[in-house]
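A single structure is presented below for examination.
Lettered A, B, C and D in written order, each chain numbered from 1.
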Amino acid sequence: MIKVGIIGVSGYAGVELLRLLLNHDDVEIVSIGARSYQGQPISEMYPSFYGICDMICESDDDVLKKADMIFASLPHGLSEKYAKYCNDHQKKFIDLGADFRLDKEQDYQEWYNLDYNEKELHHKQVYGLCEVNRDKIKEATIIGNPGCYPTSITLGLYPLLKEGMNKNNHFIIDSKSGTTGAGKSLSEDTHFPRCNESFHPYKLATHRHTPEIEQELSKMAHDDIHVTFVPHLLPVNRGIVSTIYVDLKDDIQFSDIIKIYHDYYDQEYFIRVLKTGKVADLKFVKYSNFCDISLHYDKRYHKLIIVSTIDNMVKGAAGQAIQNMNIMYDIEETKGLKMVSPSF
Amino acid sequence: MIKVGIIGVSGYAGVELLRLLLNHDDVEIVSIGARSYQGQPISEMYPSFYGICDMICESDDDVLKKADMIFASLPHGLSEKYAKYCNDHQKKFIDLGADFRLDKEQDYQEWYNLDYNEKELHHKQVYGLCEVNRDKIKEATIIGNPGCYPTSITLGLYPLLKEGMNKNNHFIIDSKSGTTGAGKSLSEDTHFPRCNESFHPYKLATHRHTPEIEQELSKMAHDDIHVTFVPHLLPVNRGIVSTIYVDLKDDIQFSDIIKIYHDYYDQEYFIRVLKTGKVADLKFVKYSNFCDISLHYDKRYHKLIIVSTIDNMVKGAAGQAIQNMNIMYDIEETKGLKMVSPSF
Amino acid sequence: MIKVGIIGVSGYAGVELLRLLLNHDDVEIVSIGARSYQGQPISEMYPSFYGICDMICESDDDVLKKADMIFASLPHGLSEKYAKYCNDHQKKFIDLGADFRLDKEQDYQEWYNLDYNEKELHHKQVYGLCEVNRDKIKEATIIGNPGCYPTSITLGLYPLLKEGMNKNNHFIIDSKSGTTGAGKSLSEDTHFPRCNESFHPYKLATHRHTPEIEQELSKMAHDDIHVTFVPHLLPVNRGIVSTIYVDLKDDIQFSDIIKIYHDYYDQEYFIRVLKTGKVADLKFVKYSNFCDISLHYDKRYHKLIIVSTIDNMVKGAAGQAIQNMNIMYDIEETKGLKMVSPSF
Amino acid sequence: MIKVGIIGVSGYAGVELLRLLLNHDDVEIVSIGARSYQGQPISEMYPSFYGICDMICESDDDVLKKADMIFASLPHGLSEKYAKYCNDHQKKFIDLGADFRLDKEQDYQEWYNLDYNEKELHHKQVYGLCEVNRDKIKEATIIGNPGCYPTSITLGLYPLLKEGMNKNNHFIIDSKSGTTGAGKSLSEDTHFPRCNESFHPYKLATHRHTPEIEQELSKMAHDDIHVTFVPHLLPVNRGIVSTIYVDLKDDIQFSDIIKIYHDYYDQEYFIRVLKTGKVADLKFVKYSNFCDISLHYDKRYHKLIIVSTIDNMVKGAAGQAIQNMNIMYDIEETKGLKMVSPSF
């Protein structure tokens, strides 16, 4: 049994980890941490756990001491010291926040206004995009779990970029996310009478996931990739749909694209390239760890439209974190993650 | 491994059974039946299954022949002949429809306008309200799986009636159900622009679940119980909340009620009597097999208000059906049903 | 032109008043007040007004001085001094809060934990239930605009009680309200991921509208009326549905009830008694000043079920307030209020 | 009084016309037509009209005969003969369908698979984009009322194209529409349990509004404009948000764009260019005739992002049709259309 601890369990990603790990056969949850709720049972904050898991929230230190495998789901800037502790004590660390995703400190400084205090630690970080970096993840002890938007986008573009089928290096990416992406904190934007029956973009071309997206796409392409990334807030609880617009090389056929995507992904349990003609919908990945991708062709202008959809809380956060853990511990990658999305 | 078949898999309750049973370790799904979709993969109708379960829908006869444990989720009037076949061939049968719930043919005739053709079969039927009829279910071969509204209501009233704490024998029951209760068929009432941002009662005091509710409550009370039952359509996908109004006997204290409910239910995994002051919400049972009950007191008029909530598709249909199967096969009752409701 | 001022324009009821009054031909809005937003244009808080009405929020004193007709939409306990000022200066005052609804100070003390400081003022207050108290409203200078729940309930029961067709004096009232009823303030309960796809009762048998309901029903019945009132929070923006359960006198026929309701209400523009068989739905009164009432009969137990529905922000607040103003100023009662509910 | 008739009143756009025209002072609605509902009151289909407007649906011929100003809201292919009748009888005709929008028969044939039977009629058609074609509309007798998506898109791009500030002639347009855009007909896609908590694109780069968009943008630019247009279905009732991606000419500053948009639109009542930093949201135009536009700059790649939002049923259909009528009859353009969007 893996002795697991969760720091930041009171947040949405943290409690989703708890929910999923409760049904993971190889895991024992030894401690859950929530600084603002120490001493309170998690079921007080989230009544769905009442009677099933009434564990008491402890201090972050308790979690670090008791667990061998630590998940941290915290605002940026808070994870480094915990990663340091884990590194010093031969514990594994998966950060669901943004502190171990960016390779260049300069990007972190620019987009998050903070420095890397433990610079050497960042040489050890592995970007936990499971299907792409599986081999590195196996050896890793510090994982930067990918952001929700970046997960949908990088998985959507991976085969295309890897095979260099794009005509140019700039992409328009129009993403839409459910409200859990905004987290548990109250805000005007997520006040029900405001949010319900509304829709709007936000942080247009300035969202913090932008450098992470460009970094990972550039690695895939072995070239600098640029994106104009515009997220929107959907009045649903969960799910991301990214609509990605790509100029195809002149000599590439749409059928080539389809073939390549199936070649890359048909053996991947959690990535489903839909049949031509079908359209990806967040509905059918919700509450699951799947990433559904559908490919569409604008034949009038030889453009590819990629639709990539995930559950932002599962494949975009807690689910992928567990998948990373499974890989790190060399257990079945799908363990604890075989939920089928309810269709309604 | 139990060889399971599902007749009527294309409906909401049928496909929910499939979804849940795919993660049940002791079950092998040997055949799924959907008359109108024979030859089509279930994942064509419900894309959430794509790549996970692409089983082809077969004829009802195929299901009957291949399986030992048959679930049928059909409009009323269609299950009897299948139950007959199962009875004749030593197979177990759980009907998620209404054909094996009413003890008296007269009630079935009055409320469903049909006769019992195989009268002797109905002597064998057991009402599959797991926590109440567990012992009978163990021995049963034909189960009438309770309706969604009756499940929430009978579980909500069981301790009270069993202990005879009610002052009179008529109850006002005001229930609210999500739209999946109306099923997969298109209707004006569930057309999105009509249903969204709407709310209204329907079939006031004339809903077909009424005789089922009265029958089971009367058995619990060993007396005739009457209900004025008014269901409402909630603009959510899932979940039922029943608000039940009870006149308490003069000498009963609210604290007595609380104690009794805990006595009856604290050892039941799937029934949670909330702490005094907490209010049951369908939110925290959705996608789970739990029934949450909260108890409230109108001290000004010595009345009890019971709030009982379930997921209509799980505890109110497919989940309870699986729980019944688990009991019938003497395997762990919670098997395949330990999902925690996501809180968002 | 009536010189109108709104105190508390930043809240939902206040801004709804502004929105409706902008299309009222006889009204000039001379000042809007919002203490926390003084100096800011209303269109900064509510962008729907941008370019149409960019009035600057002023102090409450400004409003009082500039206007002849003052609407106040404030938390309880804050309106009395403004009413005093209006009374002393021959201005008319309509309070959308709770300070001038309860006739007995004792009720106010018990349910709101405050005293009446200006006791003589409360002798002048008129309960602004337009269709019931029209004559008194004509002469009034201080109006207590009815609460949203009480409006739906008292209008639903008025003909019945007036004619004494009820068998006993206690009613079960199960109400459901959209989230705007909870106002503009952020709260856990109205955080989108929490509220969306949820449903639950709240303040069971303890809601502050209870004494207001009992007071007005008792006046109608010329007898003490008691209610067990349970409100629920609906995941929609607007609208209230009250389902009211009544024991009918033995010699009363359902057809008598129908006739009486039509007799009372057919000449009322804003109250629609639906045809027998139709069911009231908040959908069809939303964004309008109508109260729709449908009547249903539980023939098995000789009970009447009344469904009464309004838009909580219009007939339940701002619309009824304007209707009161129209009556007070002896202008056409429907002026500015003839909006038809959009059906989608 | 203008004698108005509505053909196709049973559809969403038709009944929205009726709702709005009921509060238009200069209009007398003399006949409403709905072939499938002849003889039925409109309030039977749409209960929000009950008691306010119980007009009986008549035949299309009745409407044509009785009215001087005919609105038709019909599936494509059905309007031509009615327009012919109006043309022959000196009546004015506004088509809310697609039959009089495309200048080239070839486009109509290609995208709608039908011919223009009355070719000369199409020389008289005017594209009713009010703010752009006002002068032509004044003289017109046959108006092709713009599609909902095209309205949001063409208004969003008009100043830019007119001034030639775009670097190239192809645009990515990612639009999202509420479900009323799909109309009143039942469909799987708009079945509540399917549609609620879902989101997906549809008809990617193949939607029939594409040629209409390209035609009008090309006229504005005096050059061929191409678009990759991808609509998505939003789980809300109303509203369109179009996110438009534009490469700016190298020597154009973002401040130039802002200035130009204000120059073009500040005197237009129904078009609001938001302050820099604000983001357009369908929330604040819902149930109103406004088009809100916000402008955003991707400084890293010198791209402009235009967000244009309307209520698809009002500015995108019935409201703009009335605005066209107002222009044709030389009455105040805003008459009957001054509704402020409710903010909740």
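To be clear about the criterion, a residue touches a chain if its C-beta (ideal position, glycine included) is under 8 Å from a C-beta of that chain, and two chains touch if they have at least 3 such contacts.
Composition by chain, UniProt nomenclature: A, B, C, D = N-acetyl-gamma-glutamyl-phosphate reductase.
These numbers were taken from a predicted model, which means no experiment stands behind them.
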Pair joined by the larger number of C-beta contacts - A-C, A-D: A-D
Chain separated most widely from subunit C, comparing mean CA positions: A
Averaged-CA centre spacing for the pair subunit C and subunit A, given as whole angstrom: 47
Gap in Å, rounded to a whole number, between the CA centres of subunit B and subunit A: 36
Between subunit D and subunit A, distance of the C-alpha-averaged centres to the nearest whole Å: 39
Numbers and ranges of subunit A residues touching at least 2 other chains: 12, 180, 193, 197, 235-238, 281, 283, 343-344
Residues of subunit C that touch subunit B when the two form their complex: 170, 172, 174, 176, 193-194, 197-202, 204-205, 226, 228, 230, 232, 234-239, 241, 243, 245, 279-283, 286, 296-301, 303, 305, 307, 309, 343-344
Interfacial residue positions of subunit A with respect to subunit C in the complex: 12, 178-180, 184, 186-188, 190-193, 195-197, 235-237
For the subunit B and subunit A complex, residues of the former touching the latter: 12, 15-16, 19, 22-23, 46-53, 180, 197, 237-238, 272, 274, 278, 281, 283-285, 287-288, 292, 313, 338-344
